[in-house]
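Have a look at this one before I ask anything.
Naming follows writing order (A, B, C, D and E), and every chain is counted from residue 1.
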């Protein structure tokens, strides 16, 4: 079902408009800073507008099918094609990415972090945007891989150039970890290419993700599947990041500039979980069933571990970073159950975590800007110095700890719920244990977030900042934050906005898993 | 109103938004209470309308609202049979229904009225199934609506004076509104997800309001403690609800209850697990042992908040939840057939230690807080022994008199320089007549003195314990009686210290303004008459008003669910009432003698202060006092109250604090040794290994061409040897 | 007399030999011009050399359009798609090297005319190499391309480092060719013929035969030296560092490519039957090469030396497909050719940037790149693209090269191939660690000496930079371009 | 046949001894002379193998040209002519070990494979004309390439060796 | 005559050449040792040519001789160049670049 006319262009436009913007900016001399900013914002907003057009035109009745599909030749020699398409799984994440980038641009409008250079900063953000958008719509493994990797370098430079004290170490660590994962991932992609067979037993030799989803790994022997899955697991798991591959994350987050952290948290981590849902599980359901208990185990370890890690932090940003480990643990737990509830919750959790943690990083950035420190013990009384920011921090913290009525809850609760009855062929007792552990994780989440809130927002402002005038939320911050805040509340109140979109796709995935499980 | 009940929580929610976002700028910081009070007024009216409509529904059921029990037998299916059950289950339900009717005849004359359920079906969806958000309104709901709306309204009014000029007046009212909205949302939850949502939201409001004066660390500590303790309970809530979902594959409360009552024994084990888990949630939210320690600390919040949240409404959420999902607990804990069970025991034990702890407090609000703990324990115990109506009835009456007591305490503190330390009060009787009177009335109600509200509800609970369902609950009865005695005693003590004797504080106490005293009087009035809502028929028979007996039982009890369980109601017992009254009166009497007449065991410290305050004791009494002091106090009071207090402060509270600290320490340890040490360390070690092996390999590169040559020829030779041998 | 009568004039396909002859003609022309005009000719030399290289592309194009496979001397000398693609690659790399050399050679104290003569000669050897399908031709082509290169390495006569570079390169080269020749003699002894086709037949007929193993091994070692595979790599860092930078680029790209081409022909045409030798050999060598190259590169402080080790490691990557030469021959050749093509551009690009930067900083230390992004953002971005390509990060071209490796490995399948894949993956990570060592000062650090004058990029260097940059990006975004050449160059011997 | 073997034995002995001496002697000129002996011995062996053109070339090119080059090299680098300089480096044991290993594996393989294969006695005898036929037909391209190679080596060597 | 007589002699010469290039410090001596190795190859080529009754062995040997001559010339040029700059032809001295 290929799109025609304008619809056949929209996805490519959302993906490449930011890149066009970046190229245009490259032509603009550095001195014309206002023009640079306008072009950057313009191109990303244009992409967003097209994203909204997609959202409107999207056929929600057939959310399980790919829409706006374009299938053109690309690298014929390796049977790789330029295939983009969008279904209910991609749509929320694409929109998240499309929204996040303009917000980040606005946020850094007048204060590009040290050492300045707005032009380069914005170019990198736009390239990043192209990579992220592309990953969510690519329907060819090679195309996916390319987009998946495109984000690496811009992020590396964002952290490395505009980051904090330890930026070189952090950026390199981020890069090496991810690179390692993706190298193994591409091996698995190729293994899929060479080994996938159609139902008649003919070798397919295709990178087309649609086809591979359809054949669902039938024809690849189980032990091989498990190995291939291992490669995918490394590629996506590091990106998520799952325990024990998470150690790049706190460093990267802590050192990254504010918008870097925001994008990292809001979108980049989602590439990994998206990969699981889009590629690993549908392509290799049989292996997924074998792997799921282990993924679940790592996920719940991540939940508890991330929370305990948070409790040990003395730096606000690092704490939020560790909380990502815990939250992505919930997402992975949901995925590991291989059930409708779990995977839907995982997707919801991705979006929710994107907005909430993105928001928290925004605030952390603003706090840093005002206090020039994120040392929790030196902060305090934010509610008094900058009440609005304090309240927003409280709001975001509450959302982050999974308060019902806000978005975070809908990623957490159904994920825990799904572990009670894991998908076909999986050990029930194991997952029920995970369920209880995950539930305990929610308490710890409340613990570290409130503890953070108490020590940063409550109380009297500390002595050392007594003389300083701490500005409250400014205009740019309001513009940048409002969409997230509204989103957190809106999706929290009416989760069907997302569940309804994703459910069809997830149903397809679980159906194929169940079919495989039934065959075993 | 019953169909459109969602409007009721919506009003305070809107009020919240309006106050929070437009309060300061458009309304004026000092006038936001008008918005809140208006909203609550509306809510009250609508709640009253809803209540009235519900009574109409019960009295004059519209077609379709009644569950026809006879229909089970003939094949023309009723709705329930169509929807849920199989024939066997329905027969069973019908049989047990008959059984309960015939067996005890406790006036189950009313027809089984279906609750009014209205839903919006697209709240969220999963796996192709759509889950609704909606309202479930029945008698239990409207009862709570009335309670919440009334008390919240009064607290709103009261607060406009009490927190006047507060630095965060706007936020105060905003969150008061939000709390009300959340609580109302909670009570009319149609499914267990909504229960969770409401449950958490009230918790957050509680957190915010306890920490209202967050500049002081103790307040924020208390807020954190409250929230975190509740979160611990929430593990149970979440897991319990998930078990329910896993068992019945639905979130719908109506469906769950109906399914259980249709076939109570079908999922006993799952229900036991679910009930145990949910019990943990109840323990945290409703301050049951051992998770009650947050509640006294929560008194750090403004007093009206304590009255509303930590006495009348939020803390009863646990009780309400048990009542709402009563079939789960009834079946899970086998309440019908046992003579002791976890819920009853926890309730009873909590009631006991709460009462004991109330003795040892000097802070008037803490006394009331422990009293609340104790009374909540009472309610839980009532539910644990199968006395559903008694528990809800007690919830109803307790809300009024405890709110009154708290507001009274607030009034006292308002007068006495914002202190709650009873040692700095005394003799306020003459300065604050209204406060004094309302306080005494409410205290009498709490103590369970005829004919105040508490008497009736407490009596029903004791009766419920005595009779039980199939078996009696003797231990619960003993607990209940002991608590009745102790309650009366500690309330007398409070009144003594606060209103009698000499004023020990600074400045000149004065009566609070009308804005505060009027709510007090309204509540005191309710404390007198609330008992009338569920009078037993023998009381009314002499007046020919049997029709008004057991109104709460008639209207509020969801018999449509409970009938299937075979729940029975005990016959009223005069003997029990007399015993209960006697206990309460003797409690008052003993304490009265102790304080007013200086009789009884006085502690060393008290004795000295009384001496200072001009009390004269006979010389020989000194020895007697000494005797009491050493023998009685050291062996009786300490073991009971002080030991309990110490246990409470050191062990339970310590455990809560230690849990927090331990988590932090564990976190630090894991972070330091596992994360930074083992995991990151191994990564670093790999990096270092690569680096140093790179350095080591550089040695090959000696720069001398003959070394290179040696390597070249040498490796050629070695490779040759290896390949010649292997291949 | 009968023997004299027996001589038949060999039938020469002049069209097939046209590229070699054109190149030879221009080489001779340069020498003649030099003799006639002496000093006045200096300005025109690079132009002449450049024109010569481009002119040589013309017959290659006509041959490609013609499309028939031409084979001479009983299969000893073949012009097929494979050879044409690689000839073109040699010539283009050569052209870029000439562009890089123009200013460098002119401004230094060098013999200019002879420099270009030798370079063309060496290229002639490479062009010959890609058509050679017998031992003698391969040997002569190898020497033809190597011996001028030995001398070019020592071309900075006044510089002890350059002299030393020449000596080391020369000695190690001669050692290696001695080993290789010994191996060739054994192979010849078993086959009785120098052509690959016959060798393939004869080697396949015998079963376990230590002499054959020895012969194959020694021949392969000779070329392993050429592609600087560990443990025969030791010359490379020293030579790269000491040699004039354009020569280094030439060695790192063209010379290595020639070695690879020879290996492709030997392995896939002559030795493929002995997969029990070649596969384990290359498995071992490639794993060693990439790992050792990468690990030592981690510790380098000199940019050229770092690129040298990086080149060694890249060579290791290129050797990977040989480890599955028999299991997936077509894919393996494709992978190597694609890798070679992309590698040529990205590595030459990196060297071009090094040259451009060195024109200002006069230093080869990585520290001298500090703050490059501040005063020369264009060069910094270009370098970033090249390094990213070398590291294999999309959308810069290198990813497709790495992808080709994985593709070949997985097409072959099996545990050993997968294990090698994992080693490649790990090495990709290590590799980025030291590329990042260059990126970091460039982007993350302030200018060390505060000298923020922009860098003047000369026309020739600019042209080289443009070509390499465009090619690198184009290969990354539209890998089909290079993939096509990889596909057509699968040797016809394999039915490709 | 016996005569041939005796002849081979004598030549081989000379070659072996000279080679060993060449790499062990301390006098560089002696070493050059030992090399001459080796090369001459090999030339003799080629005669024995009926490879007359190779034998001639061996004498002309090696003994005539290459050796002269070496001697020039020795003179130009002003190498000490006596036994003064330490000609062998300290790493000679490693070198010895490597060469023994190499020799060992090679000889083992040769013996293992060729065993006691006899050299064909009745094979064709190739005269110079045969060689030239072959060179100018089959090997014409390499031959031309070698000529280019020699030219390039010439040019390069002049540039490198000349005094600026 | 046995084939192996010649082959083993060749192998021996090759090994001696290897020893020479690795052990000798004098640059010219190293070059001379290289000749030993190349001559070992020539023996092989010629004897194999005889064995198979083909002429290509001799031709190959001829090419080797020619190339060897070129190599020696270049090698000596480089050694001379070094000698001029460093006044030494001890190969052990040339380690300016390492690591």
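What we mean here is this: contacts are C-beta pairs under 8 Å (C-beta built on N, C-alpha and C of every residue); 3 or more make two chains touch, one makes a residue touch a chain.
Here the structure is a predicted model, which means the values were calculated and not measured.
Colleague: Provide the labels of all chains in contact with subunit B and in contact with subunit E.
Modeller: C, D
Colleague: What's the chain with its C-alpha centre farthest out from subunit C?
Modeller: B
Colleague: If you average the CA coordinates per chain, which chain's centre is most distant from that of subunit A?
Modeller: Most distant chain from subunit A: D.
Colleague: Could you tell me which chain's Cα centre is nearest to the average position of every protein Cα atom shown?
Modeller: Central by C-alpha mean position: chain A.
Colleague: Across all chain pairs, which one has the most C-beta contacts?
Modeller: D-E
Colleague: From the mean C-alpha coordinate of subunit C to that of subunit D, what's the distance rounded to whole Å?
Modeller: A distance of 31 Å separates the two centres.
Colleague: When the centre of a chain is set as the mean of its C-alpha atoms, what distance in Å lies between subunit A and subunit B?
Modeller: 39
Colleague: Once you find the CA centre of subunit A and the CA centre of subunit D, what distance in Å lies between them?
Modeller: Centres of subunit A and subunit D (C-alpha means) sit 70 Å apart.
Colleague: Using mean CA coordinates as chain centres, what's the subunit A-subunit E distance in Å?
Modeller: Each chain's C-alpha centroid was found; their separation is 63 Å.
Colleague: Quick check on subunit B: which residues sit in contact with 2+ other chains?
Modeller: 698, 701, 703, 705-707, 709-710, 713, 716, 720, 724
Colleague: Mark out which residues of subunit A touch at least two other chains, giving numbers and ranges.
Modeller: Touching at least two other chains: none.
Colleague: Which residues belonging to subunit C are in contact with no fewer than two other chains?
Modeller: 136, 139-140, 143, 147, 151, 154, 157-158, 166-168, 171, 175, 210, 213-214, 237-238, 299, 433, in rising order.
Colleague: Run through the chains and report each pair that touches.
Modeller: The list of touching pairs comes to A-B, A-C, B-C, B-D, B-E, C-D, C-E, D-E.
Colleague: Quick one: which bits of subunit B touch subunit A in the complex? Just the residue numbers, please.
Modeller: Per the stated touch rule, the residues are 122-128, 130, 193, 196-201, 204, 207, 211, 214-217, 220-221, 223-224, 227-228, 231-232, 234-235, 238-239, 242-243, 245-246, 660, 663-664, 666-672, 674-675, 679-680, 683.
Colleague: Over in the complex, which subunit B residues touch subunit E? Could you list them?
Modeller: Residues 698, 701-706, 709-710, 713.
Colleague: In their shared complex, at which residues does subunit C touch subunit B?
Modeller: Checking each residue of subunit C against subunit B gives 167-168, 171-172, 175-176, 179, 208, 210, 213-214, 217-218, 221, 225, 231-232, 234-235, 237-238, 276-277, 280-281, 292, 294-299, 430, 433.
Colleague: Please output the residues of subunit E touching subunit B within their complex, sorted ascending.
Modeller: Residues of subunit E touching subunit B: 18, 21-23, 25, 91-92, 94-99.
Colleague: Please output the residues of subunit D touching subunit C within their complex, sorted ascending.
Modeller: Its residues touching subunit C are 105-106, 108-110, 112-114, 127, 129-130, 133, 136-142, 145-146, 148-149, 151-153, 155-157, 159-160, 164.
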